[in-house]
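The letters A, B, C and D name the chains in turn, as written, and every chain counts its residues from 1.
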Amino acid sequence: MIVSAQTVLQLTVILPLLSVAGLIMASRRPNLREAISIITGVILFSLVVMLYQGMMDGDVLRVHWFDVIPGLGFNFHIEPLGVLFALIASFLWIITTFYAIGYMRKNGESNQTRFYSCFAIAISAVMGIAFAADLFTLFIFYEVLTLSTYPLVTHSGTEAAKKGGRIYLGILLTTSIAFLLFAVIATWFVAGTLDFTSGGVFNGQANPLVLSVLLVLFVFGVGKAAIMPFHRWLPSAMVAPTPVSALLHAVAVVKAGVFSIMKICLYIFGLDLLPLLSSTQFLLYLAGFTVLMASLIAMRQDSLKARLAYSTISQLSYIIIGALLATASGVLGGSMHIAMHAFGKITLFFCAGAIYVSLGKTRISDMQGIGWQMPVTMAAFFIASLSIIGVPPGGGTWSKWFLVMGSLEAGQWFLIVALMISSLLNIAYLLPIPFRAFFPNDQTDMVRGSMKEAPLPALIAIIVTTLFCLILFVYPQPLYDLAQAILNTAEASHG
Amino acid sequence: MLNHLPILQVIVPLLAAPICLFLQKPKIVWLFACVATALTFLISVLLLQQVNVSGTLVYELGGWEAPWGIEYRIDDLNALLLLIISSISAVVMWAGHISLSKELNADRHLYFYVLYLLSLAGMLGIVATGDAFNVFVFLEVSSLSAYALIALGRDRRALWASYKYLIMGTIGATFILIGIGLMYQMTGTLNMHDLATRLPEVSQTRTVFVSFAFIVVGVCLKLALFPLHLWLPNAYAFAPSLVTALLAATSTKVAIYLLIRFTFSIYGLSFSFTTLPLNVLFLVLGVLGVFVASVAAIYKRNTKRLFAYSSVAQVGYMIIGFSVGTAAGLSASLIHIFNHALMKGAIFLALGAVVYRVGSVNLSQINGLGREMPYTMAAIVIGGLSLIGVPLTVGFISKWYLIVALLENGWWPVALLVLLGSLLAVIYVWKVVESAYFKPADSDREPVKEAPLGFLIPVWVLVIANVYFGLDTRLSVGVAQAAAAGLFGVTP
Amino acid sequence: MVGVVVAIVWMKDLFSVVMLLGIYGLLTASFFVAMDAVDVAFTEASVGAGISTLLLLVAVAKTKRKEHPVRHKPYIALLVVIVTGALLIYGTFDMPRFGVADAPGHTHVAQRYIQDSYEEIGIPNIVTSVLASYRGFDTFGEVVVIFTAGIAVLALLSVVGGVSGVRRQSFYEQHSMYEQHKVLRIVSKILIPFILMFALYVQFHGEYSPGGGFQAGVIFAAGLILFAMLFGLSTAQRFIKIAWLQLMAALGVLIYGAVGVVSFLNGGSFLDYSVLLENPVAGQHVGIILIELGVGLTVASVITLIFFTFANRKEQYQIVDSTGE
Amino acid sequence: MLIGHYNYWVVVALMMLGFFIIIAHGNLIKKIVGLTIFQTSVFIFYISVAKLDGGTAPILAEGFTDYANPLPHVLILTAIVVGIATTALGLALTVRINEAYGSIEEEFIEKQDNQSC
């Protein structure tokens, strides 16, 4: 293809938006509509891959659209962290679309055009977040993401969906307007720039106390990272159809949150400054606390999706810890965990959706003995659980390893303990599900004979993501390289 | 003709009003009014351009030089306000014929257009003039026509609202008159520019202090600044939709303009903010206004009232920016004036479309409209997002500048309060959104169709403006900053 | 005067209140004469004591006569009033002394009007010069205000379907002196032409003596209203149709505006009468006569219009309120 | 000093009485009467400002050099017109309110409104 890298970068943001027009026009012809979705996904992914290759070859890219406020406008660039995020999101979008076709049709959901359109807008916003070159651009796409996912959360229009949507929007808008926007403006005011810069934008002149406050505001402000006490929206968002929970609330939205926090830690504060701030320690403890608490709450959930949601909250704080540790291993672990968790959790959600579509079950207590009805699904569930827990042969092993190493380097004993306990808890709340599916407590629950797997497109999606969980364990090198690149960029300032 | 632009700005609508009476047929009158308002808009654009090129324009009425005669003095501030007023009124007028056909008896249409044009001319006159007493005269032109326009609402409560507005408005105007009289007594002049040069000599007298107090209170009555806002919500709620759109988008802006003009240009910053602790007072009132009115808005069942309370809250933001007392704060206020006109114009006009189809704007009647009137409701949603201050809309730009201005002054807590205030907006806007999209239509409401195109086009012109000026701020921010700088330039 | 006002505060009978207000208006007018403000006195007499009293009377007739006693104690109101009043009194301390010549009000802008206006405008009544020329735009605004009021009242009160031709038993016919007072009718039949004549005199003599378009308009309207009261509303409206009055009012504004437009087409600025004729002073003169005509026309028609509209308001709208009587 | 301002004080007293009627009374017509008094007293204030000791009415004539200040007169002429316009409109509203509510007392009207809300 003979298009400049600049065009490619812009296309990643614009293309999903353009596809919305196509989706709406094709609203009366579902096959065409879904074909558009998938084709867009494939093109988008290949665009991101092109960017990835370009970046690995050392290209430096920066695109400026126009200024909204003098000195502040839409700016995009490529850097490893963003590329990582974009790769994951765009790839999983294709998979999720496949899955959604099976899920939505089988379920006979209404308003499918709206569903696919909002999905595409959300992806466009995710691309905007991934490639944002400054906080301002990031903030704008962050808000667009919130708003475009709101109709997805409330998709069913029931009272529960409305309530969930209210909490979702309430928390995300509240935190982003009250804290994040404030922090963004304050940063602009203090530093005079919002550009993501290796080594941070505060040149050591700013008052450390102010910066500490800013850091707290940022971490709380990015409500999508679901650090306690601003985590309530995530379980609420589970009223959405499963593909939404799978892609957006296991990957895109929450990862946008932790991604933003990583970006802010690495490129606004900088690795050198971060450990010096008094609030870092406090936030680390808070993240550790979130890891533990969320795991404990997850154990008590009987609804499968709610359990997975709390598990997500817990896992997100792993990544926040990685970012806040500001050590080499921490950054490596954090960025790798973005990918590892994405594949693991999306598989789990896919499985949950598949169970719901095929058997109509949402409660874990009802899932005893379904293993022989849905062997593929439950096997996938098992593997993905291993990855989340962080034991071989799951990819999660690597990222957790680095996170523990990072905590060791920083001498954060409390965190090491928290991570360890949490892993145990993970085992306790995830593994019994596939285990009981195959080996129920009461053998009479065993249903044999009739295979009732999910629709084929959904099943394919599950298999693909499960395979990735395994591949990432066996062959983590490209991911490691990318994480290393992230670390290198972040440390570029000290040469 | 070009050097007569300042006066043409005012007399085009002013003379168009009586001409309407000769045309008689409502439809023709409407077309004529559309042309007149469009022309007014064109003039304001040209004026802005002229001011940009050649600086402040002075136009001596009757050929008598000020302070003996009355002069029009157009600087960036005036030009910006003129542009806001004339643009919104022109767009709103497009929807006139359609909207009125449902809301007003045919035999009143003629008067409606006449009063509308007069009200417009009155507001333009207030803004354009450089003479304190002339302000009073045109204030009355615009107010009287506004009272009558409000009273044309279908609900009988419109009458009562209008009456209350009349009493409050007249008290306000009379207060201003007293203030002007006292100023005249101390300086012997009525020309604003001349006043500004002569007031400092006598600024330490009690009389001047009292004159200032009266003018400020009078203007604040018009401005519906908390706690003097009580007349506003009902007046907006029960007026015909077009009137609400016009007034909400423009009339409080005119009052803010007066406040800015009097405090900054005439009395001067040192007097207003240093001698008197006015900024503190305004800050407190502004913040209180934001919170009290926003909370009140949350509990309203009638969406027009809901957004009317929101207007009171938004006035609070403008006053907060104003009370900062720096060029940045003032320009934040001005930007918000511009932006708020766009938001509220779009919202109230879209509500007009709802009234046109449904006949009521109670929340219960809006239930399920998201499906039936998708474009209209989408307009309200975008307008609402703008009120909240979501990025990509003008509301975000306003918030941004306001907060930067507050931070510059070191008022961190206030900045935080401003943001918290906008969260209240989330709640009341979302009440409307949920009704429209997630509640089933009431069984006793007939299904309705989307509003006619004649209504949708003006609504969407405003909506698109909301987004466009949320992205391209060169015009709004540029002029606002120039105006603020100008005001601070003349008052060292 | 204070006494009259205090009485108004306490009175419950609205009819008496209105009468007292009329007296108050007259007192004010005489005070204005004492203050050498003859033009203002003239206007106040015709408006304060005349038109507004009349309008209030009509309104009282159309509504209720008694005021309901106030139940809640007006302490808050009292407080507001006292604070405002105290503020004003406080402000008076630094005022220039009453009537002294060196007060800023006398020395700055006003000086030029007194000294140069005759040369510049050519008419002796300075008030008229200032009104019509120096501050002609204010006066234009004033005409527009009156016009606005007229249209506003029409918009609110005009009877659907118009009144022409329909003979209705309206308030004024029942209560007019139509039947009872033959003498009055005859006297006024003779008087009315004189009133109208006087109005025209005031109109065109405004440059030399107190008076002008506004006062003339009011007097003219008073004549017409008197006619209507004595001979019945519908009789009057057979001659003077509201539709016509409304156009006349518009015409008045337009005449005023047109003078302005012509003046800037002639190369001056808006309302610059000097360019109307070759001789600037003569131009001023012509301009003033023209705009005064516009003022007179608008004022006369609007006031008549307002009165007619009020009076036309149908009886049947009245709801008898047991608590009010 | 006190004598010099005595005039203004009377004006203030009048003004405040009018103001009091507006805010304390519930009868709509009475309010408008109050408004008229309030405005008229402001007019008196302006005209007092214009007064010049030993001056005469501002119509140029032989033998006079001191005239009362014509400017406030002009302003007040305008203001009187504005006042009557407001009164007329206010009364028109009152008549309509009476038709719609059957009362011209603030209390009754508010009560009815609250019921219908």
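Going forward, a residue touches a chain if its C-beta (ideal position, glycine included) is under 8 Å from a C-beta of that chain, and two chains touch if they have at least 3 such contacts.
It should be emphasised that the depicted structure is a prediction, and the values quoted were computed from it without experimental measurement.
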| item | value |
| --- | --- |
| Most central chain, judged by mean C-alpha position against the global CA mean | B |
| Subunit B-subunit D separation of Cα centroids, rounded to whole Å | 27 |
| Where subunit C and subunit D are represented by their mean Cα positions, the distance between them in whole Å | 13 |
| Length of the line joining the C-alpha centres of subunit A and subunit C, rounded to whole Å | 74 |
| Separation of mean Cα positions, subunit C and subunit B [Å, integer] | 31 |
| Residue list for subunit B, restricted to those that touch at least two other chains | 133, 137, 140, 144, 147-148, 151, 178, 184-185, 190 |
| Junction residues of subunit D, two or more chains touched | 15, 19, 28, 49, 71-72, 75, 78, 82, 85-86, 89, 93-94, 96 |
| Shared-contact residues (touching 2 or more other chains) in subunit A | none |
| Overall pattern in which the protein chains touch one another (line/ring/star/complete/other) | other |
| Contacting chain pairs - touch in the sense defined above | A-B, B-C, B-D, C-D |
| Touching residues on subunit C, where the partner in the complex is subunit D | 1-2, 5-6, 8-9, 14, 17-18, 21, 24-25, 28, 31-32, 35-40, 43-44, 47-48, 51-52, 55-56, 58-60, 62-64, 67-68, 70-71, 74, 77-78, 80-82, 84-85, 88-89, 92-93, 95, 97-101, 103, 105-106, 109-110, 113-114, 117-118, 124-127, 129-131, 135, 138-139, 141-142, 145-146, 148-149, 152-153, 156-157, 208-210, 214, 299, 306, 309-310, 313, 317-321, 323-324 |
| Touching residues on subunit B, where the partner in the complex is subunit D | 133, 136-137, 140, 144, 147-148, 151, 156-157, 159-160, 162-163, 166-167, 170-171, 174, 177-178, 181, 184-185, 190 |
| Residue ranges of subunit D in contact with subunit C within the complex | 1, 4-10, 12-21, 23-30, 32-33, 36-37, 40, 43-44, 47-53, 55-61, 66-78, 80-89, 91-96, 98-99, 102-105, 107-108 |
| Contact footprint of subunit B on subunit C as seen in their complex | 87-88, 90-96, 103-110, 112-113, 133-138, 141-142, 144-145, 147-149, 151-156, 158, 160-161, 246-247, 249-251, 253-254, 257, 260-261, 264, 268-275 |
| Residues on subunit D engaged by subunit B in the complex (per definition of touch) | 15, 19, 22, 28, 31, 35, 38-39, 42, 45-46, 49, 71-72, 75, 78-79, 82, 85-86, 89-90, 93-94, 96-97, 100-101, 109, 113, 116 |
